[in-house]
């Protein structure tokens, strides 16, 4: 399957400001690109590309005063298969986990593992270990939290989601991630393209989406506490501890968003 | 100057549990070791050493049931000089910061930059930029927060320190770090050995200590909002976003601390 | 001046549910009513009226399943004068405050005096005492917090307002109240009718409004950190420690709001 | 049974400061006093007595600079019976609750009913209604929270207790109160004398104690999530929404506690 990817994001900039962006597909997906994947900035400025500490391809540039436009259009090959499901994937004892997964057992800005641990043990301590336990966590979060764009809030943590029971996709994932970590299952936050491929169109404008990955058996697996059903056509942009590490754009000073458009379409 | 370093940390373990430790001097200090620096675990178990995502030397092992002892004694050469002070070190514009410092501008578990930003701007927006601004932050935190061991709490965040005005060394650093980041100055948390060298003995038992580093001009500099005065003989163990990343020992299950002893003595 | 007051509030009720309402003008304003002021409930149910612990006239009833309508229209005489301003009103030492004002120095659900005290002292400790200090508090809150209906959130506390710097009228008052109490000035939350009398129409639909009262000299005075300017035509409904005590309607179970209309018009 | 009650509380006062105290037995217990119950303040100052908004007998005075001593000794008659247990006491539907109990269904500073409601429903929604439900709440809190004097913290809320699982007697009651209110059962905080009568001596110095009352059937009943077993010899001092309203002493400015002694002994 071929998927057309793209975005057109515009800001109004009052004074020159440094910006960073995670708008390039993740290194793991680069081999599948069928067209170049390059962030274009208008007006033209020098765009510096670097790997961040999580292995994502990040960019940085100075946005001059005036209108700013970030856009791109590229084409990627996809398996066309839904997220893999592997009900017998085992939990790995902490002593045997690859060392690079250990940090994903600890707390981060939006995932207070320390505060949610007793709760996680009460809710999921009796769930079968491994895949079924992560599935139980996703099902719980999905059934207890109500999706609400208008109640989105950039400071909402996993504990806030647990008490407020409302949120957008990132909030669902933050709570599920915190619960997984509390059960000693490494979990990391991911963002990427996720269109309406294989599902009825939602009618709402496309956006980037957040999901998460849990480490079971011998690899990271895709989970999504928001949709809680395997989906087709996810294209990974970046991973990190939580949304703090995976901001699509970050401006280190004022920048007013004026336009936001994302494309993720199957090419038939 | 030669400094004798060491520790003797004991636990009572009910059931086998995976543990991780950051008990080896930081790679940047390894060349100055005059004796081997190796964590000894009793009873003898396989100890795996690895680099974590922040470049620290970490170890992991399975603690068997029964008494557990982690100990070490080593010798290191030190300049004997107090922390360098460089009042003219400049703030680096975000657009010119080395990319690997950018993550240290963002929030982390114990440093809610998002919540403390307006406060930081109000308190320090008029301070001279660069070294003087970080010094102003340290002076403010040092004068407003009261040290209290008995009120230590592992879940206290920078915002909690700001409202409660009480804490141990890690709390002082968390608040200062959050303020620096809010002012677009990269700041990271550090832990290490810090004895009473060059200062009157405190009389309290030695412990590891926390301080922090801020990036100015072209390098990371040592700051310490707890003591707020240059000190002699810091030996770095590990750095990270905040105390979450720099736990001396972490047990992934129950482990009861029974003994804790740290040595940091100048050898005359 | 005569002011026409009224409301028409509708709910959809799935299962019978107990409701409480504060929809009757405050006893202090009753003598000025020129028409009866009585909450009408449709369908007709028994409405019980009682004084709550703050002296407000409250009502309670059982809402049956189906559509529910609460409405009223009444007429009140008003001085037509703006909120009194008394720049020389003194702060009363705590030892001389009327005992019934003392509770308004302490914390409540949305006003964490304990957490905000050091901050208040830093911000307002040097302000002239008395009226000028409350005015300084209102000016600070008014200038630092941005009004935003879309970011309204029923769980936002004064500390949240202080960090998030955004809110609706109740949020402005909660932060100002917490600051006043921290400075040992009794402050209480009030809700009532506030139309566009004497000011340019806002264009947005009328709503009830929140303001607050501070105790100075020998009485409670009206302050409003949201508008921060004397207004004409406030008609008090209820007072309490904070918004918890002064909910216009409370349902002890599910009730879906379907229509909300408030009238506060000068009769010319 | 006769119980000797008393206290000797001392402060060091730097500058004159207003203080309030709730150190007189509750009006409901006054008829049982066998000796006068009067707070003595040394040095002698005018002590003003008043009823607070919850019906407690409160006192206020100005403490002069220097040493301050509050003391008292009195004798009270007690039934000698343990707290009544009434397993068939019914939950009263909100529509039928006495109006003065309704405020005790809402949030207060330390009891965030709004944040804990979904959690309460998940934990206790299936418990039998009435006495058994309150008992289930007390049993849950008692078994999940660990008592710890050294981890006491005056800012800990019910939600903090729920996540931290540690606290002193007030913390146990705050969480239980929040859960009761979330289930539409009025609950209020109480403080008073509670000695070791009928139980083995704890060995720790006497203190005042906190418990709570829940409204069932036709009255308020004593519950105690800390001890979770009927006790003999409670003597009520004051009730309120939570610990904010029931502070034994409050100083409106600095006052250093230097001595604290409470007596609650059965006279044989």
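For reference, chains read A, B, C and D in written order, and residue numbers begin at 1 within each chain.
We take it that a residue touches a chain if its C-beta (ideal position, glycine included) is under 8 Å from a C-beta of that chain, and two chains touch if they have at least 3 such contacts.
Since we're looking at a predicted model, the values are computed, not measured.
With A-B and B-D as the two chain pairs, more C-beta contacts join A-B.
Set against the C-alpha centre of subunit C, every other chain centre is closer than that of B. Each chain gets a centre from the mean of its Cα atoms; for subunit A and subunit B, those two points are 30 Å apart. Inter-chain spacing, taken between the CA centroids of subunit A and subunit D, is 47 Å. Subunit B and subunit D, compared by their mean Cα positions, are separated by 41 Å. The residues of subunit D that reach two or more other chains are 112, 115, 155, 163-164, listed in rising order. Contact residues on subunit B toward subunit D in their complex (touch as defined above): 150-151, 153, 155, 163-164.
Within the complex formed with subunit C, the residues of subunit D that make contact are 18, 20, 48, 50, 52-54, 58, 60-62, 93-95, 99-100, 102-103, 105-109, 111-112, 114-115, 154-155, 184, 244-245, 250, 252. Against subunit B, the residues of subunit C that register as touching in their complex are 112, 115-116, 118-119, 144, 159, 162-165.
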